[in-house]
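Below is one structure. I have some questions about it.
Chain naming follows the written order as A, B, C and D, and within any one chain the residues start at number 1.
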Amino acid sequence: MKSSVIIFPGSNCDRDMDVALKKHGYKNKMVWHDDIDLPKCDLVVLPGGFSYGDYLRCGSIAGKSKIIKSVIEFANSGGLVLGICNGFQILTETGLLPGVLQQNKYLNFICKNVHVKVNNKENSYFKNIKKEILELHIAHNEGNYFCTKDELEVIKNNNQIALTYCNTEGSDEEEFNPNGALNNIAGLFNKNKNVLGMMPHPERMIDKYLSGNDGSIFFENLIKNYI
Amino acid sequence: MKVKVIVTLKNGVLDPQGKAIQQTLNGMGFVDVKDVRQGKYFDIEVNETDENKAKFKIDEMCKKLLANLVIEDYKIL
Amino acid sequence: MEVNEQIAIDHGLKIEEYKKIKELLKRNPNLTELAIFSAMWNEHCSYKSSRKHLKNLFTKGEKVIQGPGENAGVIDIGDEDAIVFKIESHNHPSFIEPYQGAATGVGGIMRDVFTMGARPIANLNSIHFGSTQHKKTKNLLRGVVKGIGGYGNCIGVPTIAGQTNFDDSYNGNILVNAMTLGLVNKNKIFYSKAAGLNKPVIYVGSKTGRDGIHGASMASAIFDDKIEEKKPTVQVGDPFTEKLLLEACLELMKEDSIISIQDMGAAGLTSSSVEMASKGKLGIELDLSKVPCREEKMTPYEIMLSESQERMLIILENGKEEKAKEIFDKWNLDFAVIGKTTDTQNLELLFNQEKVAEIPIDYLAENAPMYDRKWKKSKLPQKIDYPKDLFKSLKLESCLTKIISNPNICDKQWIWEQYDHTVMGDTIQKPGGDAGVVRVHGTNKAVAASVDSSAVYCYAHPLTGGKQVVCESWRNLISVGSQPVAITNCLNFGNPEKEKNMGEFVECVNGISEAAKFLNFPVVSGNVSFYNETKDKGIKPTPSIGGVGILNDYKNMLTMDLKKEGNLILVIGKTEGHLDQSIFSRIILLEKKGPPPEVNLFNEKNNGETILKLLDKKLIISCHDISVGGIIIALSKMCIKGNKGVKINSQIKLLNKFNYFFAEDQGRYIIEIENNNFAMVKKVLEENSVHFDELGVVDGNKLTFKDELNISIQDLNKKYKSWLKNYMIS
Amino acid sequence: MKVKVIVTLKNGVLDPQGKAIQQTLNGMGFVDVKDVRQGKYFDIEVNETDENKAKFKIDEMCKKLLANLVIEDYKIL
C-alpha cells in the first residue's frame, strides 16, 4: 500500500507517522505542503502537530495550503484520507469532515492513554479489526468535538462515528471522556467512510516499550484490508 | 485603512474559557460577574482607502478564514 | 546624548566599571557602546561574581566531548552518537509573565542545543514556587506549566521529566529552569568559534523588535516593591517560528557551509557577535542597517540590545550565501548578510554608512570585570536531640498519609499531563518515574535524564547540600538502570554582594564539584542565576542538577512499579535514622533546624555501582531511590505505581520506627527481586560490602506493618494523586 | 448590564498569530492586507445597573486578571 504523509510547517508527528507506516509495510513518501500534486498513492495522511503554530484556529491555516486542493480532490474521488490529531482538525477546517474541534473542556493540554471503542466496522479502516476496544494515546489541547444538532443527526444516521472514548469495558460515561467531545467522539468518518479523522495517535503505540502497541493493530488492519 | 473585526462564539456554543474566567473573577471577589464570553479581536490594515470596498474585502476574509461559521459569528466594526 | 556616570548607573554599571571602560577606550563611550559594555559586563554574560569559583568545577571525563564554555555540553554515547545538553534559568521573566517567561525559557534552551547541530530529543524542567498558601502561587504555577507546555508541545519535543517544589522563600521570586537534550553525530558538531577572514556574517530567524531590551540586565536586577509598575518588556515566544528555525538550521547543517553558529540569547546580537569573534580571536563588522527589523526607526542601540526570540547568527563559508538563503526562504524565515569577519580584533558597527561603534573585542570579553566577592563559610548545624516522648502520640499511618499528600511529595501528574511526553515516538519512561528515558532513535541505546534540587539541605549546610544534589541525580539515573555520565547545573542563588549568599554559592559549587569528581560525573554545562531576591529576602540556595545517563540496551530499563506478588523487597544502603531537615521533621515535628543528612560519597558510589551489577545479572525486577520522605514514602510510591501491596517484615531491626521509616539518609534504594534469587542477590551485595535490609514481601493490595500500618493502596493512591489536582481547581 | 472589553498586545510586542494570519491572507489572494494584529474580546455581564460603577469594576478586573499590563493594553468599549 502506498501512502503519502503531508508535511506542513509546524507538523511534528510527520516523522513518527513515517516510521509507523514503514514498520507496518506501507511504502511511504513525504509530501511538502507547497507542492501542488500528490504522488500516486492509496492513502494520504495528515499528521499531528501544530501546523502553522495552530495560530488563529487549529488547522485553519493548513486548510488553505497549496496541497490541500489535491487532497480534497483525492478524497472526493474515493481515496483514503486519514487525519490524526492536527490532521483531524485540518479535515474539519477544509470541510471534508463536519463540525469543529474546540478547546478541551477542562482547558488543559492532555497527554495520556485513553480507550476508544470502534463503532463502525463497515469500512476500509476497521473491517475485520481484532479488537473492539483499543488503548490509544492522546496529546492535544483542542480535541473537544462539536457540531450542530442537525449535523449530529446526519452523522449518526450515516454511521459516521468511528471511535468513541470509553473505559476498558467500553462504557462511555462522561468520566471517560477526556476532553468534553460531543457524544464522546474520538474519531469521525465522512459520509463515504474514506476520510477518517481521529484525535488519538496510533503512531505512538507501535511497540510494547512505548505507551502500548494497539496502534499496530490499527495499521496492520488497514493494510490487510487493502490487499 | 484599519478595520476592526470581532469574532465571537455563536449563542449556544459552549465557551469553557469564558466560564473559567467568570469563575476566577467570582473567586477574586467580583461576585457580580454573571457571565463572561470570550472572543477574538483583529486589527486589520488594508491598502484600500474606500471604506466600502475595504469592508467588502474584510467580509470575505472573515468568511474564508477568520471565523469558522460552524460555531462563530463575526462583526466588522 | 553625552554619556555620563548617571547614564552608566542606569545601565546597571557600577561607577568603577564605567571608569574602567573610559580607561580602556581612552575616551568616553557613546551611548551604543556603553549599552554594549553594560550588556557584556552584566552578571548574566560575564559571570563576574561566579567565574572564579566555577573554575573549580570538575569538568573532565573520557566521555566528555565538550565541557562548559560552549552553547551546551556534549558527551559521547558510543558509535557515532553524542548527546548535547544544558539547563538554563528564566526566573525573573517568569515571575512577571509566567506564560511567556516560561515559554521563552524553553525556547532559549532548545536553541542552545540545536545551535550545536543536535536535534532536541527531550525537555525537562525544574520549577520552584512560593508557599501553596501564597496568593500568587496558583496563577504562577498554572501560567508556567502552560508556558512550558505551550512551547515544547508545539515544537514537538517530549517533556520527559522534571521537578516541582514549593517553599515560601520563592514567594516573590519563582524559579523556572529548563533543560534540553539533543542528539548529534559526533563528527558533525557545530561550535560558536569564528574562523577565517572576510567570511559573511548571516542573520536568520525572526525579525528584530524592541522587545526584551534590558532583559539581560533584568535577569540580574533585584526585584523591589515597584516591580508591578516597572513593566519591563518581556519577550513573546513564537514556537512555530522556532520549529521552522530548527528545521532550517538542521537542513543547512547538512551542507558544508557553516563555520560557526550561535543563537541570540540574552543580550541578543551583542553577545552572540562578540562571543563568536572573541573565541576566534577575530574582529567582526556589522552593518546594522541590514538587520531585518520588525518595527520602524529602530536605532543601533535598540538593535544591539534587542532580545527578540528565535534568531541566530551564522558565519558562513564564502560563496554559500545563495544556497543558504534558499533554505531559509523555503522555511519562510528572514535571512540577511549583515557583516563580515575582520582582522581588526574590533567590534565595528555601521549604520546608514556611518560608524556608530568601535570597541576592541577583548575589552568586552576577556577584560570584563571579575570579582572575588567576600563570602561567609557556614557551620554545620548541631544535631537535634528529639525528646523520646515527642514520638509517643504519633501514629505511623497518619504521618504517612500526611506526608504523601504534602505538596512537595504528592503526584505531579496535573503538571506533566499537560506536557506532550510521547511525541517523537521514543519515550520509554514517562514523567513520574525516577528519570525520564528516551531511546536513541533506531538503535538499542537509550538516554536517561533527571533534574533535581534540594534547597532545604543546601540552606542548612551548602557544602553538604551541593554534594547531595549531585548524588540524588546519580541515584535517579541508576534507578532506571542507566550508567550516569555527566551533569549540567543551574545555580539559582540570592544576591552575591551579600556575604551569606555568596558563601552559599561558593560552598554549593565546591560540594557539587567534590561529588562530581568522586562519582566521575563531570559537569559539562550550566548557568548561574544570581539576585533571586525580593524586598531583601533571598531564596534558599537552589542549585538544580540535570543528570544524564546511558543505557546500552533499552530493554534493560528499570521502573519503580512493583511487579509480582511474592517478590522480595530489599532496602539497599544503611539507614542511620537521620531525621534533621527531613520532611518528617518539618511537617510532623515542626522542627526546621539541624544538619542535612550526611553524604558518604564512597557508599553512594559503591551502592549505585552494585545496583548496576545486580541489573547486569538480571536480578532486579524494580527499583526506586529513597529520597525525601524516606523508606516509607519510596515504598508507597512503588506500591501505587504497581498497584500492589507490601507486607513489611515485622522482624525488621528498627531504630525508633519513625527514624527508620522517615529518615532521609543518603545512598539508598529499594529493590524488588524474585524470591528464589535472594541467595544470589545477597552474595553480590555481600561481596561488594553493601548493607541491606529485608524490608518485606509484595502482597495483596495493602501496605501493612504489624498492627501499625494497614492502608489500602487505593486509599494511599487517592491521597497521593488528589492533592495537586484539587488545589488547582479550588 | 453587559460590558465589552478588548485586550490587545502593546505596540512593539511580537504578535506571532497576527503575523501568520497576515501571511495566510496574502497567500489566499488578499494582497492588500498589510498588517494583522490579534487580540482578545470579552463580553462581560455584571449585576450592576450603574454604568460608571460597572466600568469601574471592569477596569479593576482588566488590571487584575484579563490583561497582563506587561505586554497588553485593554480598552473598555
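Assorted remarks:
The rule is short, and it goes like this: a contact is a pair of C-beta atoms (placed from the backbone, for glycine too) under 8 Å apart; a residue touches a chain by one contact, two chains touch by 3 or more.
Every value quoted in this text rests on a predicted model; they were computed, and no experiment measured them.
Just to note, of C-D and A-C, the chains joined by more C-beta pairs in contact are A-C. Centres computed as Cα averages put chain A at a distance of 36 Å from chain C. Averaging C-alpha coordinates per chain places the centre of chain B 40 Å away from that of chain C.
Computed centre separation for the pair chain B/chain D is 9 angstrom, with centres defined by C-alpha atoms. Each of the following residues of chain A touches two or more other chains: 52-53, 55-56, 61, 64.
Residues of chain C in contact with two or more other chains: 238, 240-241, 332. Of all residues in chain B, those touching 2 or more other chains are 65-66, listed in ascending order. Taken chain by chain, the contacts fit none of the simple shapes, being neither an open path, a ring, a star, nor a full set of pairwise contacts.
Contacts from chain B toward chain A in the complex involve residues 13-14, 16-17, 20, 65-66, 68, 70-71.
Of all residues in chain C, those touching chain A in their complex are 146, 149-150, 153-156, 238-241, 243-244, 331-332, 416-428, 430, 439, 554-555. Those residues of chain D that touch chain B in the shared complex are 6-8, 18, 21, 24-25, 28, 30, 32-48, 57, 60-61, 64-66. Contact residues of chain D toward chain A in the complex are 16-17, 20-21, 24, 27-28, 38. The touching residues of chain A, when paired with chain B in their complex, are 56-57, 60-61, 64, 93, 98-100, 102-107, 144, 146-148, 180.
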